[in-house]
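Shared between the two complexes below is chain A, which has chain B as its partner in the first and chain C in the second.
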Partner chain A sequence: MSNVVVLDNGGGLCKAGIGGDRDPSAVVPNCLGRPSSSKKWLVADQLQACEDLTSVSLRRPFDRGYLINPDLEKEIWDRIFRSLLRVDPTASSLLLVEPLFNLPSIQRSTDELVFEDFGFRSLYVADSPSLVHLYEASHRPDGLISRAQCSLVVDCGFSFTHAAPVLQNFTINYAVKRLDLGGKALTNYLKELVSYRSINVMDETFLIDDVKEKLCFVSLNVPRDLQIARRPGKDNLFRCTYVLPDGVEHMKGYVKDLDEAQRYLTLPDEAWFPSQGMKDGCAEVPEKPEDRKRIDLTKNEFNLTNERFLVPEMIFRPADLGMNQAGLAECIVRAVNSCHPHLHPVLYESIILTGGSTLFPRFAQRLEKELRPLVPDDYHVQITTQEDPILGVWRGGSLLASSPDFEAMCVTKSEYEELGSARCRRRFFH
Partner chain B sequence: MESEVIEANILLPQHLSFKRVQMSEKYPKGQARGRHWKHLKQIIQAENYQTYPANEPNYVNIESPPSMYPSKKFCDITGFEAPYVDPRTNLRYANSEVFKRIRALPNEYVQRYLALRNAAIVLK
Partner chain C sequence: MEDEASGLFRRTSTRTRKVAAKMVAALASSDNRTQAALARLEALENDNAGIETIEINDDDEASLDEDEAYMKRQSKNTKRKTRQAKALENAKKAPRTFLELLQEANLESLPSHVPSYLKAAVGPPSCTSRRNFCTVCGYTANYTCVRCGVRFCSCRCQNIHNDTRCLKFVT
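So, the complex of A and B:
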């Protein structure tokens, strides 16, 4: 019995581990980076360990979620397999998670990479929705998802968002809908906003990623929150300050006042009357002039107000970015509508959220609020969140890899050599 | 190559014994030196998706289509939500003060504002 390497090769993070484990042993950025201070390109985990990540230049093997540069990927996998997992590829199988609708030429180069460069014994290619469904179904054996054998997986990842119905562990591919927005686009948008309004951070991908993860949230009532964000002083519940690293005392940026950043949670979810709010604003004592100049330019920090919720807002309203695509809620409705009508009530009741971009606070609440008016009112809408959305896909893969008939589902190296890539891929219904 | 050039010994020899990695190994002949990968857009182009049957799902046709609901209207001058449209210039505006302003605008400026949201009329 050999071991199975499970690899969820995402555009942002590469999750790798041994099949059967609960958690992957390596979760590393899927890119090469070079800090401005050094000349060497750092690979994956070296980049995580690196102290000074300001103005790091990045090279990613992925473009819009698809593997376009196998040479670069080879370096990263080399590092993962040999130094982090310490496995011998020739004596193990690989379960690889590929994006949906991978292009044939990319499949070919991936197969070459797996069998010819690394020489894996066998390969199984899975897609993320079916793995997430598998994990959730086995996690809650008496839940609706496992009883109906059917769910709608919303994978909101680094490069894009897919709404994919899954039935009997197979992704219904004619019903999949894709929204070209993910964590990368959101980070870039936040970069643009901050650079335009306060400090130029266009080169600080990792820093702004951190800002996004720590401070962004999804608003439940955007017009109301925009009004609040315009208020001056203490009344502005969204204002918070992020301190940039100075390279001497702290190498990582941090949120100046965590309590201040959490204040938005005290807002009531609903029931707010604009007239009352206006009165509040007028009755307020005018703030002192020294309060206004609280941003100290020598300290290198910047304030965020409405950026905090306008950035994740893009997933729900891509039109604000000038994209000609409908928001996530409509995207889900279209995906469900392309399935058989008998499935509709079940799909709406078993929506699973996965992927790192669903980690924004209140994401699920907002989605439910947007979805409710679009769904026929005799159907229930039930949104399930995963306890760890980033690792959800990998855990499903680990489960599949430890099942007894996994080996029989794989394509072996000799089959690949005999039949070639295209015919081997038919096994996975590509 | 001319024989006198080779005799003159001004060209570097092919094999440099002090180099750990020879130039010919690093950059093999007949292979392009630069990047030999393509952007996703180029790969999709090369895939010839327009020849595929239209009812089969693939990368190009699973894209979420544009929204069916009307989009929000914003004021062309201030960026606030705009309930009104000026029938003469087709500019959207938020309140009467902005309206006064846009009525005073010369036509050239109006066209520029319209061009910002791709609504300008171009006469050919």
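So, the complex of A and C:
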């Protein structure tokens, strides 16, 4: 039996492995990078292995979530297939996860890459919502998602966020809604804030990704948290310090006193306000800019306070940043409303969160809080986060690739050569 | 010590940056506020926000060696090309942006019932009210800069804004 290579080719990360396995064997950045210390461009996992990632120049094959540079992608895939997975493409099938609404010209160049450059035997193209649904339905055979055979998949990834209703393993294309915000924009926004307020990190994508992943969270009450964030001293639950790498002792940046930085998570809500009879926002000493600057410059570190929650806040209110787009809750409501009314109650009850940007603490609670007032009172709102929002799509793909009728769903190399890209593509989507 | 540390974040010399399409539109606009707002959003999609030497068609000293090696592999006997000829050649190979590909796909011409990238866009929010946060300190902001449209919360923050950031995205 031949291998099926399962490849969730995301704009930020490539998740690649063999169909039937529980987890992908490679999760690597989908880009080339050149650290300031190097003359060579490093590919995918070589970047992860690189000790000094300060001031890395990046080249990504993706732009706004779509594959625009197949030549660059070829270098990355080559590295993944040959060095990391060690498979022979000419003896393998490929299950490729592509973004929704891919353009025909991009599909064509992708097919060329798959069949002509790598010579795969056959190809199946899947979209992420249907794979997430498949995975969740098969892992909870008694759950609602499985019984009703439908769900609403919210995929908040690197380049954008989709709210996609899925019915009987097919994404209901005409109902999908997209918000043009994802992890990349959040990282860039955080870079901008830190660079302006503390220290220039505009070139430090990997570093700020780390800051974002370790320190950002979703606020459940923005005005309250803004107040907390400008308290002096210990009462400020959010102030924390991130230390930049010094290139000698520390090759990676780190959070100074991580427990302290995360204590907001363990405290009950009431404790957020000290009991000295202080009420919401009055009698407070606002933070002075000098407080902020009181950091050890020789150590190259910076403080964060309200940035920690104002960054993920973008996903819920893009309008705050001047984007003329509805936030995530409305995005979901619009996707649901584009479906048959019979489906509405079930969809609200089977919302699945996936994608790396849903990993911020309190993401699901906030979403529910925003969604509840927009949903009819007699409907339940039930939001589940995938066990691993970064690998969930791949795991669904792995499941599909190991199903008995998988080969029959594929387009073979000879079919591609005979019919061409456009006609072969019609097979994948209803 | 401080010198060494700041060296980590030192820039190479500044060179012409490849200007994105929206940026061009923004610069053509006479309205400073629109310019600033558009440019700010555009910056969120940058891969190398602060590094000015990234695109293949840049005149990037550091990548010259590689480019030259590549050229040599491509055509053994040609003499070293002029910078201009090189730039031209690179421009031809340079991939098009997604927005260019999108335009080419001409999705507007599809019948109205066909789902597409354009139709999937979530659209504007139903409530247009916008919360304003001070760009200097992040706190709730009640004032707007008359020149660039950015928000600030206090005199102190206004002064910092005027000194450092006002019209940063415009000029």
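The criterion applied here is as follows: the second predicted complex is superposed on the first by the 400 of 430 C-alpha atoms of A that agree within 3 Å, B and C clash if a C-alpha of one lies under 4 Å from a C-alpha of the other, contacts with A are read in each partner's own complex, and residues count from 1 in each chain.
Quick note on the criterion: contacts are C-beta pairs under 8 Å (C-beta built on N, C-alpha and C of every residue); 3 or more make two chains touch, one makes a residue touch a chain.
Predicted model only: the values in this text are computed from it and were never measured.
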Simultaneous placement of chain C and chain B on chain A, clash or fit: clash
Chain B versus chain C as contact partner of A:Val222, first or second or both or neither: second
Which superposed partner A:Asn300 touches (first chain B, second chain C, both, neither): second
Contacts of A:Arg230 with chain B and chain C, given as first, second, both or neither: second
Which superposed partner A:Glu418 touches (first chain B, second chain C, both, neither): neither
Dominant contact partner of chain A by residue count, chain C or chain B: C
Partner chain(s) touched by A:Glu51 [first = chain B, second = chain C, both, neither]: neither
Partner chain in contact with A:Ala185 - chain B first, chain C second, else both or neither: second
Contacts of A:Arg64 with chain B and chain C, given as first, second, both or neither: both
Those residues of chain A which chain B touches in one complex and chain C touches in the other: 63-64, 66, 68-69, 71, 100-101, 103-106, 163, 173-174, 176-180, 319, 324-327, 330-331, 334
Contact set on chain C toward chain A in their complex: 1-2, 5, 8-9, 11, 37, 40-41, 43-51, 53-54, 56, 62-63, 65-66, 93, 95-99, 101-102, 104-105, 113, 115-117, 119-126, 128-133, 135-140, 156-157, 160, 164-165
Residues of chain A defined as touching chain C within the complex: 31, 34, 39, 41, 54-55, 57-60, 63-66, 68-69, 71-72, 100-101, 103-106, 162-163, 173-174, 176-180, 184-185, 188-189, 191-193, 195-197, 199-205, 222-223, 226, 229-230, 244-247, 286-287, 289, 292, 297-300, 305-307, 310, 317-327, 330-331, 334
Residues of chain B touching chain A in the complex: 36-40, 43-44, 46-47, 55, 57-59, 62-69, 71
Sites on chain A touched by chain B in the complex: 63-64, 66, 68-71, 100-101, 103-106, 163, 173-174, 176-180, 319, 324-327, 330-331, 334
